[in-house]
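Remarks on the structure that follows.
Residue numbering begins at 1 within each chain, and the chains themselves are lettered A, B and C in the order written.
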Amino acid sequence: MHFSLATSRTPLFYFDPNEETSVCFNPDSGDTHLLSTLAAVALSELGDETLSVADLTQILKSRFDAASAGEIETYAPTLMEELSNLGLVKIHE
Amino acid sequence: MRPYNENLAIGPYTYRIRTTLRNVAAGLQALYRDFPRADASAFVDFDIALRSHGILPWRKLSRFGFDGRDQFGPVPVHQAYASLEWGMNWCVSVHCNEYLKLHAAVVASDAGAIIMPGVPGAGKSTLCAALGLSGWRILSDEHALIPPGSRQVVPLCRPVSLKNESIDVIRSFSRDAVFGPPSLDTHKGTVQHMKGDLHPESHATDPVPVRALVFPRFSRDEPQRLRARPRTVSFVLAAYHSFNYSLLGEDGFHAMRHLVEAAPCFDLVYHDLEWAMGALERMPAGEALPQSAEMS
Amino acid sequence: MTTLIDALNDPQSVMHLRPLQLSALMSQARQAGLLAALRVHLDRAGVLAPLPADVTRHLDSASLAQTKQARDLRFEVRCLRDALAPAGLSPILLKGAAYIIGELPAGDGRIISDIDLLTPHAAIPAAESALIAAGWITGPLDDYDEQYYRRWMHEIPPMAHKSRGSVVDLHHTILPPTAAPHVDAGRLFESLKSTSLEGVLALGNCDQVIHSATHLFHESEFHHALRDLWDLNQLLRDFETSVVSAHGAVAGAEGGASVNGAADRVDQGGAGGDFWSMLEERACALDLGTPTYLALRYASRLFGTPVPADTLNALRPPLARARSLLWDPLFLRGAFSLDYPGDRPRGRAFALWLLYLRGHVLRMPLRLLVPHLVRKAVRRGAVGKGSENVA
């Protein structure tokens, strides 16, 4: 399974390094979402590229504590599905 | 009583207000007597006329005219004053997009302005009235007007709308409060407006720097507290309580980000007005709070 | 003549308005739904920047709201296209949505209230189920309303998207089947043209004009009459020149009609013939000569639209001279006048009431009309009681 951005431009983000949530603005729909910072980082990494679950997990592991690596591995596909439901991510089988 | 016909300078706008309804004219004379008058030949932003409607003497109605056209359904004449104030809010809520508009009460001390977004019933108006009666400057009971890209709020001082038990709370809080006519049995219950321009600077028009965003909530059952809250969550909540955040699209996002980056955010849970006011006086300044980062 | 019409016809004239006249202009434009369109027009004429900031902020505010609406419309239309695709249908946009997505001058600053789509009558059930599958729902209607729409109207009950709230009206022709002119709806699908969105269509140029005119002059409510007439003025001026540039000698360097999508703009009426004669032919073929005549008459009267006298003469309905004794006061004093400032033209309310009846008579035979009007009056009374607050 591969993923890419579903929006025509990169979404806009507002991060606060001390907070577990981030704000994400979808430039196509005009919707604003409150995402977990993990989801927001995943989204900002997607850019124009199409990434696999493994690529994505690798990137997220390098950005977040090694302790949560296991969680990231199990959580990543669900996360992508949720982002797809919000119209932010496109899933390629 | 003579019909009321004045051009009032209210914050950045000029309202022309005319009415032949006696209770509405009396309310206007009480609550807007100290407002500056705009020149009669000057540009008018909002032209409002309240006139009586219907021929049945026991069922007198009032109509709200805007741009020379009846705008909403008629209301019973004993609710006319509240309908005027709501209509005046509506003018700004619906027709003005030069600012990012948050649904919020705004008060200021020498330390700057505090924006208090809140759902109806959260107690923002009660707190706003009490602060106004205690020496704070009321910048608005309804709209926080933020010029996009700034960290300032533009004053739009008008009477404070109080509902049901809040009216008695404020009456017993201060004998100095001046009230307009009560509007009974509205969809919000009994509504009465309090004169809001109580500060020497009330009618100054310069923007005021924003010191904090405080989200008030009235609760008898919880311990009172003023506590920092996440900025990202506050961003989304303030956007949700905005009249035109989504209308402004990307510009709205940037305007809100710019504001929230600069203003520390707090939750305020209270049931005692004196305690809440003290907490706001002692509120820490922004520098102790975490810095924000932006990525895009 | 109102301040607004003067400003639209001669943007330079706003430079000489006093502050209170500018207030009246803003009020009139807001009331007519033309504030954002006025901004576009003043900006093009170079008179926006010199206006005082307390005036331009109203124009800018309306323009921001319109921009947001156009952005949302684009998003919605894409959703509609994707929703209809499985049924093998392409959305055909009507009126405001067509002007905006078609990127016509009439779409600049145009505000819309809902999205009107045209679908062949036979395809309505398929379109309806495709939309339902994609999240559009029909609001709660009582049996009477449901019957009213399905049996007598040219559209099915409006559908709203359950999460986004956008409202879509599906039409299968441009007039109710009960109305006197019998429009052969099938002909409307002969000359569709593309828009700025792939897979999204609009009526051909002449049909857009005829549809807009028919809509305006068969209406019962005239809140947006002036705006609709302004649309017509814009469409006519635009289509007239776009046909000339494709057919006439001026096309020159462009090398014919196929460059820059210009082919889409000349796809009806066949070769030869200019826009006005195509319009005339088409209006007669669709049995909609009278509304088209009225549109041309009042657009040229109020906005100076350069309509050739021959076209007007050809479309003039029987007894036009006598009928205009009634039409002129009704439309000029009623439909196309504005309430502001305060002193509305004498007889405006009466003229509007007559127009309300006229609209109903035009759309339905009298036997149907009476029960519907009675019913509507009763329901209005019932609604009026509940909606007394504004906040």
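Things to note:
To be clear about the criterion, a residue touches a chain if its C-beta (ideal position, glycine included) is under 8 Å from a C-beta of that chain, and two chains touch if they have at least 3 such contacts.
Just so it is clear, the structure is predicted and the values come from calculations on it, not from any experiment.
Chain contacts in this assembly form a complete graph, since each chain touches every other chain.
Between A-B and B-C, more C-beta contact pairs are found at B-C.
Averaged C-alpha coordinates give centres for chain A and chain C that are 43 Å from one another. Chain B and chain C have CA centres that are 38 Å apart.
Along chain C, residues 68, 71 each make contact with two or more other chains. With touch defined as above, residues shared between interfaces to two or more other chains in chain A number as follows: 30. In chain B, the residues that reach two or more other chains under the touch definition are 246, 249. Residues 18-20, 22-23, 27-28, 30-31, 52, 54-55, 57-58, 60-62, 64-65, 67-68, 71, 338-342, 344, 384, 387-391 of chain C are the ones that touch chain B when the two sit in their complex. Residues of chain C that touch chain A in their complex: 68, 71-72, 75.
Contact residues of chain A toward chain C in the complex are 28-30. On the side of chain B, the complex with chain C involves touching residues 14, 41-45, 47, 49, 64, 67-69, 71-76, 79, 83, 86-87, 89-90, 95-98, 186-188, 244, 246-249. The part of chain B that touches chain A in the complex is made up of residues 230-233, 235-236, 239, 245-246, 249-250, 253-254, 257, 260, 290-296.
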